[in-house]
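There are structures below to look over.
First chain A sits with chain B, and in the next complex the same chain sits with chain C.
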Partner chain A sequence: MAYKAFSRGIFYEFQAPVWSGLSQIRDLQTYWAGIIQSNKQLFEEGKDLARLNAAYRIFQQRNEALQNEIHRLEKVLKIPPLPQHRIVVARVARRELNAWWQELTIRVGTDKGIIAGSAVIYGDGVVGRIKEVHETSSVVELVSSRSFRMAATFEGDTRPVTYQGQFNYTLGTSFGHVRDVPSDLRASEGVPLRLVSSRLGGVFPEGLLIGLVSGLEPDTNGLFTEGNVRLSERLLDIREVAVLIPIEVTVSTSDQSEEPIYDF
Partner chain B sequence: MNDNTDIDKISPRKLEQDNRNPVKGFAKTNTRMRFFYGLYLALFLYLACGMGYRQLYQSDEYSKRGEQQSLRRVLQPGPRGYIYDREGKLLVGTRPRRSAVVYLGELRQEFSKAYYAKVRQAKQANHELLEQGKPTLAIKSSDLNTEARAEVLQNYLNIVNHIIGRDEQIDKRTMAKHFSQRLLLPFPLINDLSPREYAQITEQIPVNSPIQIYTDSARYYPFRSAASHVLGYVSSADAVADEDSVSDDLRTFALKGQIGRSGLEKKYDELLSGTTGERVWQVDPVGYQHDMVYEKDSQRGQSLNISLDIDLQKTAENALGNFTGAIVTIDVESGEVLVLASKPNYDLNDLSPYISNAVFKKIEEEGGWLNRAIQGMYPPGSTFKVITAITAMHDANIDPNTKFECGPYYPIGSRNFPEHGKNSFGQVDLTKALQKSCNVYCYQVSQRTGIEPLAKEAKRFGLGQKTGIELLYEGTGVVPNPKWKRDVLFDTWVAGDTANLSIGQGYLLTTPLQMACVTASIARRETRTSPTILHRARENPALFKHGGEPIGLTDYEYNKLLEGMELAAGNEGTARRIQIPGIRIAAKTGSAEFRSGNQELTLAWTIAFAPIKKPRIAIAVMVEGINPNDNYHGGSTAAPIARTVLDHYFKKLSANPVFGTEPTGF
Partner chain C sequence: MIFDFRWIAVFLVNCFAVFCFQMLNDTLAPHSVYLILLGPLLVIPAFYLGAYGTIINTTLTALLWIAAYPVNANVFLPFCLIVNTFVFLNRSRLVRNLNTQIITIAFAVNLIWITWMALTAPDNKSPAWWGRIVMDGIFSQIAVIIACIWLHSFLQACLKLVHLLPETDD
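For the complex of A and B:
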């Protein structure tokens, strides 16, 4: 067993630079594709980019203000602080999407302190979880993969449910499956329910979108309902993700609690 | 010498011939062998026929038996149905009860590995002892097997412990019992996980791990102790296969379900119980599961809509506070019970999924198990005077205006029967008798009517009989008469007994539900009310027949009765603390004495209905003294409680016409 694992590791470490190199070349391609555009067009896009950056700076400032307010209220109300994460942004080097497993390879590994099991997210919500970590790359198990499972909640509801990926074809929209849903929740095509991550599981922060549920049916033992979760179509086309690495926080005696602190 | 001579006589040639053919004496032609040939043939034929019989004729039976040996059935109980109040508010639901379990079939190889490792260790230890010249230890295979299993399971439990931050240990006795009796069922590592623990295990245990989350249901009571006696509780019981089960003859493992133990949970157990699901598994010779060959899903039981109004019920229970007692309110028209409160009560969530000894003992000590509203039997005290008044008019033709001189006592035989508070009310007619709750008036009426008309009238209103409400263990009550006293107490009836009965004392016993029904019946001008705890059981209440007869009073007499009860709720009446501005209420209070053990205790009663013009609600409140220092009275103790409940009812009625029909005739 150890021999097999060692061989596999060695093989992977040889493969990884190739994938990483290809990914770098693709980035270079994109860069040169931009460079060869006319000056006027570049100027216009630069202006758009500056506007976007300015808008994002404002959002960032707002977030910081809100964050400070949250910290203040936590102190005043003596609420245990949320867990903290360090964010590592990573480019996607390779996608492996098939019916058996759905994985991404990203261009960060132990060199950036990536830890197996960490949450991986992007702008539209949950991407997956770090499955394997190598020197300069890591494998992310996508949320659509059959062996991916996480605790979730429906937006506006606190009761935990179980989300699991399911058999997905390579092309087209990916689906997952949600079960253990309390039977008083209703979902329809017109009013789908938003399934979001739950911090109860200890891996993901709260409220990140997983997908939409358009219908729920009673499960086999009649206790709960279950249904399919439509995942974001952008999931198959992600170029950049953020890895959330839990930070061990030392808190003062008065602030000690079971839960660590989030710090976005 | 002679022997040697005989041997010498045998010819050597003959000996040679005999040596060449030693069985010559048993040649085929030997007739003695024929018997054995025949025997062999018969035995062979018997064997061949037996084999043919079993292979050809009995093959189906043996195939079936083989299947039975290799198949196991697992029964999964269906979740119980819900119970709602009359407005659709959930009174009893189910909550998921999640456990971290391992499926033992998936750990077979690990168990064997651990077992052989244990055997090797034991042999090694013995070898070392032997080398040291010490006596070796006996290796007991079953002990090693148990140790190995416990070790494997503890490893998995440690994984769960690490994730959720617990420090649980495998109980070897429980484990051994599970292996011997429930091998096919998942082995519970940790029961009743909190939502956080459930989420942590879901997220951090791999999908293909032998550790899984198993979910069953436990009863959940959102209103906690409200209506606890009516709703009842459940206890765990093995799931029972449905009648249409296809695999009754298989060895069966039943998961724990729930069975109603009291209240509606017991009464409607069949309705609320879900349909049992079943799975048939092919197993290996040891009993571990292999493949599922048949599956049938369980289904939730039906739901029940009951007549209680949970808001009113809570108001009633709050109004009772720490008193011991009961309140019953009835919708006058339909007979639907809106409130059925009994105190002390208990938090039903403390009884789910099981009743701990401490909880049981606490409820027992408080006397909380008794549903006083339907099981408690008490003398009704002066509330019975309405029946005495009806008897006076209906059976003794006493005009309501007839006045009796009522002093501080009334002599019957050698005994003076007292007025309450040693009052002297002077000239008293029927309305004043009801207003002031005059004992002496009733004594004199009873001496005119005699016992039989009084007892007959009480029975005509349903006293001394079960009301027929859909709840178990309802009390009957007692309406005494001379025959009853002779049969039960072996004593003769005296005039004093009749006098006592006329004021609701003596041997007369009623339940609060019976008194509420009497009140509702009087409000409808009938003699019977058939109460129901089910909502919408009576689609058209106006057309529903309660099974009684008209009260049998003239309009004038009936109005005098109502006038007396209204005056009782007036400023000068005993029930004045029941008053609600704008609502005309007919009421009657009662204060009774009863003996419990060696103690003389008091009871406070109030019965009422309202509005007088078009009655909608009838109520009976009973507060029970629990020690001799409790000096309770109907007017001061029970009437304010009744007022709180009626006030809530009419406020809700005004605010929400859907709650009932339009309020009229206040």
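For the complex of A and C:
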């Protein structure tokens, strides 16, 4: 079996620079497309970004205050601290989305300290989990992949449910499946339930959006309900993700840089 | 000849084609369409290489494919070698410059591989999942026809460029 892994490793590393190169060419294309925009348009976009930055600064201050409050309560109540993560932002080099597997290749690997099994997120919530790590690239198993499972909860409810990815319809969006849902929960097209990540799996932080559930039906044993989870449309067009690398709680977090690492 | 330059040239063309197909799938990803274009990569080189060259080229192409996709190597490599041997042994009955014959074989090979992958996929095959497989299969088979014509012309052009066509030895 070792020769298989060896040959796979060699051929993978042979291809990885090409994927990375193509991704960088795409970034350059976006850069040149941006550079030919008029000054007026750039000025308008700069103004929008300045507004967003101001809003984010306020959120950051609130976040810091809440973090301090959490640390204080952890000390006072002597409860174990919440899992800490280091964030590595990475560009997507390649997307493979089919009925058999749903994977992304990102442009960071062992060179940036990526660990297999780490959580991968983006602006709309959960992206997936790191499946393989190579020298300068990693493979992410998407949340819509059939082999992807995780513990989840519904927003505002603490009872755990099981989420499993499915696939994406041709010319449609991705979806997953949720089961072991308590039968007192109701979901409809008008009032969908938000399925969020749970800390129970030990990989994802709590409260990250997975998708929306707009219908639940009793399962085969009649004790629980199950239903399909509609994932974000942006998942198919994703170009940038953040990898959450767990930091050992025994290590003092003060000397661990909380600054995200960007892959540009 | 094992150290024939021709198989290296053909393998480089195959590498380029694999990267092009990967780029195509990356571009089509937001539309939830996926193309499996294996047939042309296995069939066309068998018309241009000797016995050793075709085995080496097919093995390397298969390893390249296995590294990029989570396919079962124990099935994929023998499948590629069987297809290659079949085409190699029957190529005297086929006209190399006739695209229809190449397309027909590549079409059949591609269809067999897609069917095999669909039948051996893990459980939980819902009707919707089969629908996706059928749609991808239809798109792939249409794309195989175009890919065959393109790859065949491209391979011929590349071999002419490096003065390996028409063949002088083999």
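Keep this in mind: the second predicted complex is superposed on the first by the 247 of 264 C-alpha atoms of A that agree within 3 Å, B and C clash if a C-alpha of one lies under 4 Å from a C-alpha of the other, contacts with A are read in each partner's own complex, and residues count from 1 in each chain.
Just so it is clear, a contact is a pair of C-beta atoms (placed from the backbone, for glycine too) under 8 Å apart; a residue touches a chain by one contact, two chains touch by 3 or more.
None of the values given here were measured: they were computed from a predicted structure.
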Which superposed partner A:Leu223 touches (first chain B, second chain C, both, neither): first
Partner chain(s) touched by A:Tyr12 [first = chain B, second = chain C, both, neither]: second
Contacts of A:Ser147 with chain B and chain C, given as first, second, both or neither: both
Touched partner set for A:Thr162, first chain B, second chain C, both or neither: first
Partner chain in contact with A:Lys4 - chain B first, chain C second, else both or neither: second
Chain B versus chain C as contact partner of A:Leu97, first or second or both or neither: second
Winner by number of chain A residues touched, once chain B and chain C are compared: C
Partner chain(s) touched by A:Ser198 [first = chain B, second = chain C, both, neither]: first
Partner chain in contact with A:Arg51 - chain B first, chain C second, else both or neither: neither
Touching both chain B and chain C, residues of chain A: 146-147
In the complex with chain A, residue positions of chain B that touch it: 76, 78-79, 94, 96, 165, 195-196, 198-200, 202-204, 206-208, 213, 215-217, 274, 277, 297-300
Chain C to chain A touching residues, read off their complex: 19, 22-23, 25-26, 29-34, 63-64, 66-70, 73, 117-118, 121-122, 124, 126, 128-129, 131-133, 135-136
Contact footprint of chain B on chain A as seen in their complex: 117, 146-151, 159-160, 162, 164, 180, 198, 200-204, 218, 220-224, 258
Residue numbers on chain A that touch chain C, as the complex places them: 4, 7-12, 14-15, 18-19, 22, 94-101, 103, 146-147, 166-174, 236-237
